[in-house]
Amino acid sequence: MKKVIENLRETAARLLQNKEAEVVIGWGLGSEAVRTQPVFITSPDNVDKLVWNPFCVNGLTKYLSDLKTRPGKIAVVVKGCDSRGIYRLTQDNIIPRDKVVVIGIPCAGQMSYTKLASKMDVSGQLNDVEDKGEDLLIKTSKGDFTVKKSEVLLDKCLTCEHHNPVVADHVVGDTINTCPTPDNYEEIKKFEAMSTEEKARFWLSQFERCIRCYACRNICPGCTCRECIFDAIKPDWVGKEINVSENELFHLTRAFHLAGRCVDCGECDRVCPMDIPIRLLNKKLLKDCKELFNMEPPGSTEEGGSVLGQYRLEDPEEFM
Amino acid sequence: MKRVGVFVCWCGSNIGGVVDVPKVAEVARSFPNVVFTQEYKYTCSEPGQEMMIQAIKEHRLERVVVASCSPRMHELTFRKTIARAGLNPYLLEMANLREHCSWIHPDNPEEATEKAINLVRKAVAKVSKVVPLQAGSIPITKRALVVGGGIAGIFAALDIADHGHEVVLLEKEATIGGKMALLDKTFPTLDCSACICTPKMVDAAQHPNITIMSYSELESVSGYIGNFDVTVRKKARYVDLNKCTGCGICETKCPTKVISEFEQGMGTRPCIYKPFPQAVPNKPVIDPVNCKKLRDGKCGVCARVCPTGAVNYEDKDELVTGKFGAIVMATGFELFDYSVYEEYGGGRLPDVITSMQFERLVNASGPTGGKIKRPSDKKIPETIVFVKCIGSREEVKGKKYCSRACCMYTAKHATQACEKLPGADVYVFYMDVRTPGKMYDEFYTRTTREYGAKYIRGRVSKIWQDGDKLIVRGEDTLVGSAVEIEADLVVLATAMVPVKEAAELAQKVGFSYDRDGFFTEAHPKLQPVDTNTAGIFLAGCCQGPKDIPDTVAQACAAASKVTALFSRDQLATNPMISEVNEDVCVGCLLCSKVCPYKAIGGKEIKEQVHGQEITRVVANVNSGLCQGCGACVPECRSGALNLKGFTNDQLMAEVDAACL
Amino acid sequence: MSVSEKSVLNQKAESSAWKPKIIGFCCNWCSYAGADLAGISRFKQPPYLRIIRVPCSGRVNPVYVLRAFQKGADGVLVAGCHPGDCHYATGNYFTRRRFLIFKRLLEYVGFEPGRFQARWISGAEGQKFADNTKKVVDDIKTLGPNKRMRLDSIPQIKY
């Protein structure tokens, strides 16, 4: 891990020094021991703020959409899952590929803050993390803690298609050779098997809680419209009132807008302050697009686009 | 607020006999924006239209709802009516009270009336949101490009040229004439193919309005109806057409002889050659693959013997651009490669030939001078077997479709064989005999009754060589027994397939093609020569297998489509097309991927952001190409794209009203 | 009469008075023409389908379907040309993909199968149009009134 951090800082410093990038977006230490926060480094003198540890959960690619009009190139640090967002943005013409310098870090999995917080005092400052095989030794200003990795791993990391970034101009860290574990959608199948009433009860209880903060949209590398229909007044695509009906319209429409385009980074799910399992909607769409249209995971290759913007004559027929 | 008038029609008793029309009119008066309602027996009649015009003027109506029959029936009528009253014709909406209401609910007047009220409410809601639309106009370049110089292309070019328009006739081979130039005789009249085809080739060459670009291929096409920008690759001929007189000395002196494509592999030609003696233009090209001079720099005989110094070994491909108002695709067909059928020898048995090879064998100008001799030993065959449907109507290795012309040309071949080889046995294996066409069935009847060709209904399972005989094993399904025939020559009626480059060409020009690579007509019945891209028309076998009369008919139809288009200087465009709200468009161009007409592209715009000028890309709809389907609109997540006449807010207003 | 008896009676009265409201999006060239042909052929149909004309089924945004449910529709139908017959060549192939996915999404979150339907009906299929209308109406009658997403019957949120 230390070597990766050194490498990362060296790479960032070199890029900034040589003007190969005007800014490097990465992770810095956060307010608590097992949190990190996005940092924007513009000077080689500040690269020491960059860190890499198992708490770098935030996807940073969406910042490219915000910063695209900045002069010069933008460097961004990505994990495997985030890296698919790069191709989402380039395929959607949001930012030209040559404007981005991708610093990729192979990632064996990230740790859930919520899970860690139930096992240790997270309120201190992080001093060091040591990988002890199955365990993680987390040294903080409030003491040292040993946690079992398998108990605190983010759910999304249990199934991981890309431990190594799908795109990177500079790779820091060693390639991870463990076999990818693509999702076989067991969880979605469970939901599909529920009765109509059970499904309705479950989802209405989820949609009901939504406060329409739109954090799920704001973090998403696939949600890059200049004006989102959920903000538009004319036409009134969705009522601005917060109630279960308008909330459902919002969630289903948001999900559908990502159908065939969602890169499954899971960020929407993570950022939801109401813990609405948004990813279950995205996953359902991923599963259906794969089963019906043989879709490859969106964002895993440079070429692509929206699978709903394509067709094959021999697509499944149900409407005859 | 818009002043909406609602006109409810009785349509005699068609609507009024079921729906309570006065009630519909009365309730409609209470709808938002409605300031006037009227009912009348026949709104579409002249007095009905006059009343509407009066009402529009008198009540200063700004939007009109006509509640009558289907808009597919009278939308155009009432658009013209309100235009006569001074309104923009697109400020109209119709409620379909007849086809969608009174006619289907005759036993339920109460609920039919309720539904009619709802349909009117929906129309009022939509019409309150519509805006005036203006039809645009685009200029038309009155110059046509015909791609393919076979009989279809020649006829299309001649007809367009006769109307006084310039035509460029593009041909990839060194001569025009296409497949018809290969044929010996034509069914059902048995007149000589060359005698009717070559004069037309000459007509095309001599026509003041036609420019033939032979040995040239389509490189790229952009633009839209009336305004296509086309680049053509003129392949290097190595012979200067301006200097060459076509005397032919070079051909006789060329020392390298190769297999002749024109003779279907059964004859030879030199490396500087005209494909056949009546070629148009009647000037040779050099085959760069086989020419010794071009290959190894050794030889140069043709240049030495040429009296005018027309041979130029340094010749290069040349790109030529031009602007055209319409394009006729007439790229024809080729034969299905039957070597996939191992059971028929996989193409390795010398005396199993295609029907096109047979055409050359019976042709007086062919490699045998018109004597039917089999390729292997030049022996005159005593038993000939024709096998139909090779690759046609066969889904496993061949094509699903029927090639349409084979039944007739096989009858022709059988007749010719019987005529030229008296006493010979002529067999035809067939699945069905399809002879729809003037004098066709009569011809077939003659083939069997007068000439004595023996037709056997059944498929051939295997053909193999046994000594100097070919054994043809098949089944006679009428008798229900196996048959084996010892033949000297077997002729396979192979399927017609599109030319190899058909799909690529369709993509290049921008229209659709089917799974077999045939170009798709816009409508199988009503638009048989249009493509789904305006300004591009189809003629001949590129659209599907057909015989010469059908090909010529289609070519003339395509030409008349072109001349109809060229009869105007400007083309009015449909105003109900997609438009982009550039402020909202993020430039992802996902919309462009779904457009069937390639009508959406990206365009750079400049704008000020925090005092700094930035350039960004937005979607741009080409009004000449967009046909107004609106498939792109749901693809736009932000609603930056809209279809005029069917906008998001109009359709949502309809949904809201329909649900009340 | 007890309170519960009354409410049962009320419910019955309510359900017998209930008439399904079905919104149909029909493409101009095939399904709308098919509906016209059904009319011309006088094929009787239950009067509960309200047709919104669109140029192509590819024009239908799935959001409209959700909106219809919000505004009180009991069922929604999207109808277009048969694949391969689209007036605009390929528009309905996108319709097919969009609504294969969208229908599954609706059912995944607990919409009853049948609330949303899609059909290919050509301009020549007047009979099919009429039969399909009957079928959709029957399906929706079996399902009963739609409550899901209806804006006029949002359950009170308890704070």
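Chains: A, B and C, in written order; residue numbering restarts at 1 for each.
In this text, a residue touches a chain if its C-beta (ideal position, glycine included) is under 8 Å from a C-beta of that chain, and two chains touch if they have at least 3 such contacts.
Predicted model only: the values in this text are computed from it and were never measured.
Asks: Leaving out chain B, how do the leftover chains split into contact groups?
Replies: one piece
Asks: If you tally the C-beta contacts, which comes out ahead, A-B or B-C?
Replies: B-C
Asks: Indicate the whole-number Å distance between the mean C-alpha point of chain B and the mean C-alpha point of chain C.
Replies: Comparing mean C-alpha positions, chain C is 37 Å from chain B.
Asks: Could you work out how far the Cα centre of chain A sits from that of chain B, in whole Å?
Replies: So the centroids are 48 Å from each other.
Asks: Could you tell me which residues belong to chain B and also touch two or more other chains?
Replies: Counting only residues that touch two or more other chains, chain B contributes 594, 635, 648, 652.
Asks: Going by the touch rule set out above, which residues of chain C reach two or more other chains?
Replies: 62, 67, 90, 94, 98
Asks: Which positions in chain A touch two or more other chains at once?
Replies: Those would be 229, 237, 308-310, 313.
Asks: Under the definition above, what is the set of chain C residues touching chain A in their complex?
Replies: On the chain C side, the touching residues are 62-63, 66-67, 70, 82-84, 90, 93-94, 96-113, 118-120, 148-151, 154-155, 157.
Asks: Where on chain A is chain B touching in the complex?
Replies: Checking each residue of chain A against chain B gives 69, 92-94, 224-229, 232, 234-237, 257, 305-306, 308-310, 313.
Asks: Report the residues of chain C in contact with chain B in the complex, numbered from low to high.
Replies: It is residues 19, 21, 23, 28, 32-33, 35-36, 38-40, 42-45, 47-48, 50-56, 58-62, 64, 67-68, 71-73, 87-91, 94-95, 98, 130 of chain C that touch chain B.
Asks: Along chain B, where are the residues that touch chain C in the complex?
Replies: 70-73, 96, 98-101, 103-108, 111-112, 114-115, 118-119, 122, 512, 520, 522-523, 532, 576, 594, 596-597, 627-631, 633-635, 643, 646, 648, 651-652, 654-656, 658-660
Asks: What residues on chain A touch chain C, complex-wise?
Replies: 191-192, 196-204, 208, 229, 237, 239, 243-246, 248-249, 252-253, 255-256, 259-260, 281, 284-285, 288-289, 292-293, 307-311, 313, 315-320
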